[in-house]
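For reference, chains read A, B, C, D, E, F, G and H in written order, and residue numbers begin at 1 within each chain.
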Amino acid sequence: MSVTEMFSYIQGFLSADQDVREDIRKVVQTLEQTAREILTVLQSVHQPSGFKEIPSKCTKARELFCTVRTQIADLKTKFPVEQYYRFHEHWRFVLQRLAFLAAFVVYLETETLVTREEVAQILGIEVVREKGFHLDVEDYLAGVLIMASELSRLAVNSVTAGDYNRPLRISNFINELDSGFRLLNLKNDPLRKRYDGLKYDVKKIEEVVYDLSIRGLAKEPESVGDK
Amino acid sequence: AQEQDMSTNSSSSVIAAFRVFQQELDTKHDKYERLVKISRDVTIESKRTIFLLHRMTNVPDPEDVLNDAEVKLDGVRQKIGQIAEELRGEDIFQFHRAFTPGIQEYVEAVSFLHYIRHRSLISLEEINARLVFMRTEKADAKGSAEGQPLGTQVLTFQVTPSDYLLGVADLTGELMRMCISSVGNGDIDTPFQLSQFLRQIHDGFSYIGNTGPYEVSKKLHTLRQSLGKVEDACYTLRVRGSEIPKHMLADVFSSRTTLIDPEEGVV
Amino acid sequence: MSVTEMFSYIQGFLSADQDVREDIRKVVQTLEQTAREILTVLQSVHQPSGFKEIPSKCTKARELFCTVRTQIADLKTKFPVEQYYRFHEHWRFVLQRLAFLAAFVVYLETETLVTREEVAQILGIEVVREKGFHLDVEDYLAGVLIMASELSRLAVNSVTAGDYNRPLRISNFINELDSGFRLLNLKNDPLRKRYDGLKYDVKKIEEVVYDLSIRGLAKEPESVGDK
Amino acid sequence: AQEQDMSTNSSSSVIAAFRVFQQELDTKHDKYERLVKISRDVTIESKRTIFLLHRMTNVPDPEDVLNDAEVKLDGVRQKIGQIAEELRGEDIFQFHRAFTPGIQEYVEAVSFLHYIRHRSLISLEEINARLVFMRTEKADAKGSAEGQPLGTQVLTFQVTPSDYLLGVADLTGELMRMCISSVGNGDIDTPFQLSQFLRQIHDGFSYIGNTGPYEVSKKLHTLRQSLGKVEDACYTLRVRGSEIPKHMLADVFSSRTTLIDPEEGVV
Amino acid sequence: MSVTEMFSYIQGFLSADQDVREDIRKVVQTLEQTAREILTVLQSVHQPSGFKEIPSKCTKARELFCTVRTQIADLKTKFPVEQYYRFHEHWRFVLQRLAFLAAFVVYLETETLVTREEVAQILGIEVVREKGFHLDVEDYLAGVLIMASELSRLAVNSVTAGDYNRPLRISNFINELDSGFRLLNLKNDPLRKRYDGLKYDVKKIEEVVYDLSIRGLAKEPESVGDK
Amino acid sequence: MSVTEMFSYIQGFLSADQDVREDIRKVVQTLEQTAREILTVLQSVHQPSGFKEIPSKCTKARELFCTVRTQIADLKTKFPVEQYYRFHEHWRFVLQRLAFLAAFVVYLETETLVTREEVAQILGIEVVREKGFHLDVEDYLAGVLIMASELSRLAVNSVTAGDYNRPLRISNFINELDSGFRLLNLKNDPLRKRYDGLKYDVKKIEEVVYDLSIRGLAKEPESVGDK
Amino acid sequence: MSVTEMFSYIQGFLSADQDVREDIRKVVQTLEQTAREILTVLQSVHQPSGFKEIPSKCTKARELFCTVRTQIADLKTKFPVEQYYRFHEHWRFVLQRLAFLAAFVVYLETETLVTREEVAQILGIEVVREKGFHLDVEDYLAGVLIMASELSRLAVNSVTAGDYNRPLRISNFINELDSGFRLLNLKNDPLRKRYDGLKYDVKKIEEVVYDLSIRGLAKEPESVGDK
Amino acid sequence: MSVTEMFSYIQGFLSADQDVREDIRKVVQTLEQTAREILTVLQSVHQPSGFKEIPSKCTKARELFCTVRTQIADLKTKFPVEQYYRFHEHWRFVLQRLAFLAAFVVYLETETLVTREEVAQILGIEVVREKGFHLDVEDYLAGVLIMASELSRLAVNSVTAGDYNRPLRISNFINELDSGFRLLNLKNDPLRKRYDGLKYDVKKIEEVVYDLSIRGLAKEPESVGDK
């Protein structure tokens, strides 16, 4: 009978585990929904007309991040805090998207690189693992890399919209980012692959700047963050 | 060309932040790597313990073997203590993949020893109870002088239910080997005991079914095969036992089992 | 041009390597042929009539081992002696078969376990790696395990042929072998799998002895090696 | 029951022989395991050297980076020296699988450094020439007193042509990364140089075709992709270069390359 | 905006679909749970002591099949009946297990082959596709083949438990089944693969019968096979 | 014998099923043939000379869709309507291709997004599942996504052909499409994978527009959205 | 346009090829059906009662081979004879089954090994490749090996049926077969794998003979080899 | 003994077969070597300097094709002509490579699509299967598709080398090829997979032409396309 009891105990554990995962999955779905909404708000910056609306779009996005914080607060209640990495895979993807969105908003607002602390604050989570539900450094970095690729698109669309200064500012920003990433020793993992993509973003932006240069359209940006 | 200047400008806050990230990532990877190495040691020593336990069948004093195995597993537990040390203050699931193979093998070894001693399935609690380590703390670097009496700290390692399950699944292979060996060595009680026990474990796994971790389903086929082999062995023993002329029964048994204490001798 | 030269050099190496392998393969084929012939000679011991002919069959097999030695001598000339393990896979299979055949002949002759030294001598090779083309300990052990399985078959066929003593002698022999193998710490490799098979051989022989016992046909073998 | 007695009878020649085999097998497995561990270290440190080399593009003094890389690789070579030590007197192919991943990664790192310095492919001889180690011998245990002057012995490690090929195949991926980075940093010479070099390696591999080891064929696809990326980058540079109005040409170039010495500055 | 409206409408559709699948998955999970419970009940027949309890175990299993029927009734409410094949993959696996369990119970009770009609009735579903939630013929056959392999195990364990007649009856039954399957022209699909396993079951059971025959333990079953 | 009879009956069932599948396969092959023909007609729009011929090519394609309707009508006769999902895999691939072709024709004609209703009408099938052979929403979406990738190619080739306005119109269209898809909560299925490809199409088209902008070749399309 | 013409021509070629394959597949299906029927006839020899009926069952099987010959004659008309190996895979499987059935009938009739010539004759095909549709030697050998495994089953069932002489005759036959196969130098192909199974058949039959011997049930077959 | 004789005879047959295969393998190896040499010669056209040397490289390749013809002539002597498909797998791979190389040479020389007849002639083999060692249509098509992918690389490298006309000619050529393939009804086989790659080649080349067009570098090729 002891064997049976043992398996009952384990089965109890497995069931509980599945329930937790099911709960997590549901909250994560709502998070994904909100993330898509924020993305839709921010996508408009790529439109010719969208450049002027950046401040209002950022405000709109900031409001949606309130929802995110509520949803993440809900997520935190679904599992014991010290088992973060046990369930990490469930929210890793959406957390990286949210880090990207936070980084994008901050960039649009101030043209600076969001810090891990800021992202954590925007999402209502911790930076330090010991303190609770936190933002893994690799997830933060992944979010930043997604933004880099969005910025290369923005550089292209800025030109279409007739804004010839922005690409140069993006170029400076992305080059600094690239230098930062070069300092890291990455394993052969998804982050490494994403980082390889950064080189192409840098290259694309460099090409835009080049196109502007040879046409005499690029002026050294005197006043970065000219909004 | 201005980028070049900027990036090496160590006053850049971005660069400064990334230097911290570099540190953090390298520290994590190094720890992961150390855990992989300890795990490999745990695997090898656990496997050797299992081989040692199979040697019990034909030695004069099985208790010696059991003691040797216990000593070997003590060594393994020291290694697991090192893992626990590395994980002190960490989220163990963050590094779980690094040491799960070793832990599963340890569960296999320790549950094999337990079965041989007690003819029962070791529980997860019993396993975890042995994974409590006393560490003599280094004198706290900040503020306290050297030479101060060293404190001790309790460090625990918790085997996860999944690793426990996976280790038990592998245990069944060893039990099957033990069963076949028993038949070969003229021990006819052990196979029947083992088939009962294996059947219980098998029924336990089918009760869990596909709700367990993915790796369990992969091992289920092997488990079923092992059970089949053990059931076949018992079948053969029964069938051939049916032929013993009644008057010979005593003879046969005396000639083949006198020197074996059925409870302790062989297994 | 230097890159091209480098690749030519490597290509030269690869070609030479392939030629060596081709040469080895050919000699190994002849070895396999001889091994099959020896097996056919020895198989007759399983026949009811074959038991009396054991000595003559062994003599016959011993003659064929001369051919084996010549072929292995040829094999040795095909590659540098210190690169044994570079090409090991090519002859590993046949060498295990030959070790089995040597072990079987020796068992049939003297009912003892052939030593690694004896196998090496029968095959005309070395025991110690440093001395030249040698018999790897794992290949020797594999050969011994193949023999164990052949002996369990022999125990069965002995009874059919009316020889009721042989199974008991085989039983003692195989039990000693089993004790020996128990001392080894094997990895999860083909040898381990083969060793797992030994348990079934032991079991089968035990069953034969049991069958003889309950029928009063088994006498304790007084004079082991009674030829 | 008599079997039991026999097996523990240590005077049995069979048991005695198997005790020797046990020793031999355990020694071999232990050595294999040690080699695996050293190989993992070699892999990690080689990878970090490669990352370090990619950092060259935007630092003020690239020579520093190269020197740092050289120091790191010296450390790796020490590790390979340990491998050579373990293999002293052994048939290296017996343990080849244990350390081949590390050696391939080392070839990748050392050939990357070599390309950056010399813009050429390091040869197998050049690689092996650096893997010669001087070891101070322990005083010969037999017969000679302790405290005797220590002798030195030369120990070499030979990278196999296959490991060399596989390392070079991986090198192409790093070269591609370097190429794309160069474009991004406004360096327009390096990509053309790299495409020439990569094309040569690509042609070299197609010349070898399927006569090489199996793993090479697997890497060929990645190699071809890398070449494609580099060729595309050069194509883009050429196409956009076609648009420079003649009178601006000087301007553009001066503004973008003044601070870069095309031969040494960037790469 | 028309595109947005259209996609909103489509999203409504997709959500509904995902909800249906989610609902189905949940019911299927409870079904799997019950199936595992029935299996646990029936597996005790392999215990030496289990043979006497067959009737009571069957009764127990029959009771659990009530739960199954309730759960399947619940499942039916989750989707429109004509979309059976749209969601088939969700319950195919558990339905085959249940068909096996039903077939096993019926065999243990009456030693006859359950018909598709009977299985359908036990599970509370239809045979004819047009009438509603039904049992696909392939799923019925898969269930029967799983039972065949369970019966070969039962033959072995019957002997261990001292029941020497059961294997003969199982042998007759399984031979009939084998003949039946030989009438089918199966494609190269999972069912074909499962069927290939049947010949091992047949062989295994024949060997059990052989072992009993040669020891005079097999009596011709007089009153078995009531057709 | 009842088991035999039962299996004979089942074999009849299986044969009938295989015949149905064979029939379906044949009609699907003719559909694939027609789909390839329509594609060949429409491919000419990528040619420099092809832009003027768009209307005539569309007419030609429309005619071929008559054949499609006849063939699908034939397909419908091959199996009972409620078993649509039983055989779905057989025609899923070609149906997605046809949805793509219909969407492409409609886009070329009116530069609007075809609705599911329109596709269904062009193919002569239903939208509502209950009404008969219909167009699954997933298949409709897959067809639309194939078109998006065709449009990115068209944007490129328009420029080559000297039409500098079309890329801007395509860009607007594809952005709208992208927003639409962002409303959807796609699972991890083939559709999701295809959708991930959409962002590459968006980016490619933006780069075409960029190339035109920076060279002053893009005029603000005055009459965009001319529906 | 010449490229179009060329590809149209090629398509004609491809269509023709696909038609041929379709035709072949259909005939092969009828062959498989007949093969299954012959198998069902011959399976009855494993039944306790079946031993007496061997002659009549063989006659019945011989009749069904007439159908086989007609079907193969039909098969031959489906493709040019010199393209045998182009389509070999289509009928290889069924041809091996038929070779097995022919070998089994011949064994049951005369207890001898069927020759390749006899199989060819029974199937109405050629032995010599040059003469037309023939029986590949590998396919003949595969058929013989399938029979060997059937014979090990027959040995077991003979004992159950009370025929204690047959196993000894089978044992002699199978040993001869084993010696024969040992003359062959098989490559690492499916045939080799099948041959590896032969040694299990040999062993199994030896154990049956052993079981009879030790119980004194085996009489030296006086009239063995009665051909 | 008749069985032994028969198997000896069969072994003779198998040996002969293995010898044939060994002979074929050797010749095929030399063919592969020559094919690699031709490839090395032709790959130099991708070098910036290689464009001027195309004629001389083609001449060089043509010379190497003489060697190919000799080697294939040798290959033909190794087996009876009607057993082409028996050994097809041995040379299929190299034949496709050679077809590619022949197609590439012809394209470089005349910018036309090589016909199957031409390839056959260059390789010294037949087109019509009945006439002897021939070029299977699938192998011809595979060769052509390999060339298509090489041409997309050539288009890119032409631009790098400063030749702005070649990409347009390649684009026309590859479009014609694509139309041709669209006439074919390919099954789900390796050829189909290769063909799916063609659309990437088409797209890639179109983008090259686009890049040239938008920069005014593409002139309508006046005298290209001599049909």
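In the analysis below, contacts are C-beta pairs under 8 Å (C-beta built on N, C-alpha and C of every residue); 3 or more make two chains touch, one makes a residue touch a chain.
All of these numbers come straight from a predicted model, not from anything done at the bench.
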**Item:** Partner chains that chain B and chain D have in common
**Value:** A, C
**Fill in**
Copy-to-copy rotation (chain F on chain H, CA atoms, range 0 to 180, rounded to a multiple of 5 degrees) logged as 90
**Fill in**
Between B-C and G-H, more contacting C-beta pairs sit at G-H
**Asked** Taking shared residue numbers divided by all residue numbers at the interface, is the value for chain E and chain G over half (same) or under half (different)?
**Response** different
**Item:** Distance between chain centroids, defined by C-alpha means - chain C, chain E (Å)
**Value:** 48
**Complete:** The distance between the C-alpha centres of chain B and chain H, rounded to whole Å, is 57
**Request:** Starting from the mean Cα coordinates of chain F and chain G, work out the distance between those two points in Å.
**Result:** 50
**Message:** If a residue has to touch 2 or more other chains to count, which residues of chain H qualify?
**Reply:** 179, 183, 185
**Message:** Which positions in chain D are in touch with at least two other chains?
**Reply:** 3, 7-8, 29, 58, 185-186, 203, 207, 243, 256
**Request:** Would you please name all pairs of chains that touch?
**Result:** A-B, A-D, A-F, B-C, B-D, B-E, C-D, C-G, D-H, E-F, E-G, F-H, G-H
**Prompt:** For chain B, which residues count as touching chain A in their complex?
**Reply:** 2-3, 6-8, 12-15, 17-19, 21-22, 24-26, 29, 89, 91-94, 96, 120-121, 123-124, 161, 164-165, 197, 200-201, 203-205, 207-208, 211-212
**Fill in**
The answer for chain C against chain D in the complex is residues 2-4, 6-11, 13-15, 18, 82-86, 88, 113, 115-116, 129-130, 137-138, 141, 172, 175-187
**Item:** In the complex with chain A, residue positions of chain F that touch it
**Value:** 175, 178-179, 182-183, 185, 203, 206-207, 209-210, 213-214, 218
**Asked** Of all residues in chain G, which touch chain E in the complex?
**Response** 29, 32-33, 36, 39-40, 43, 46-47, 153, 156-157, 159-160, 162, 208, 211-212, 215, 217
**chain D residues touching chain A - in the complex, by the definition given at the top** = 47-48, 51, 54-55, 57-58, 177, 180-181, 183-186, 233, 236, 240, 243-245, 248, 252, 255-256
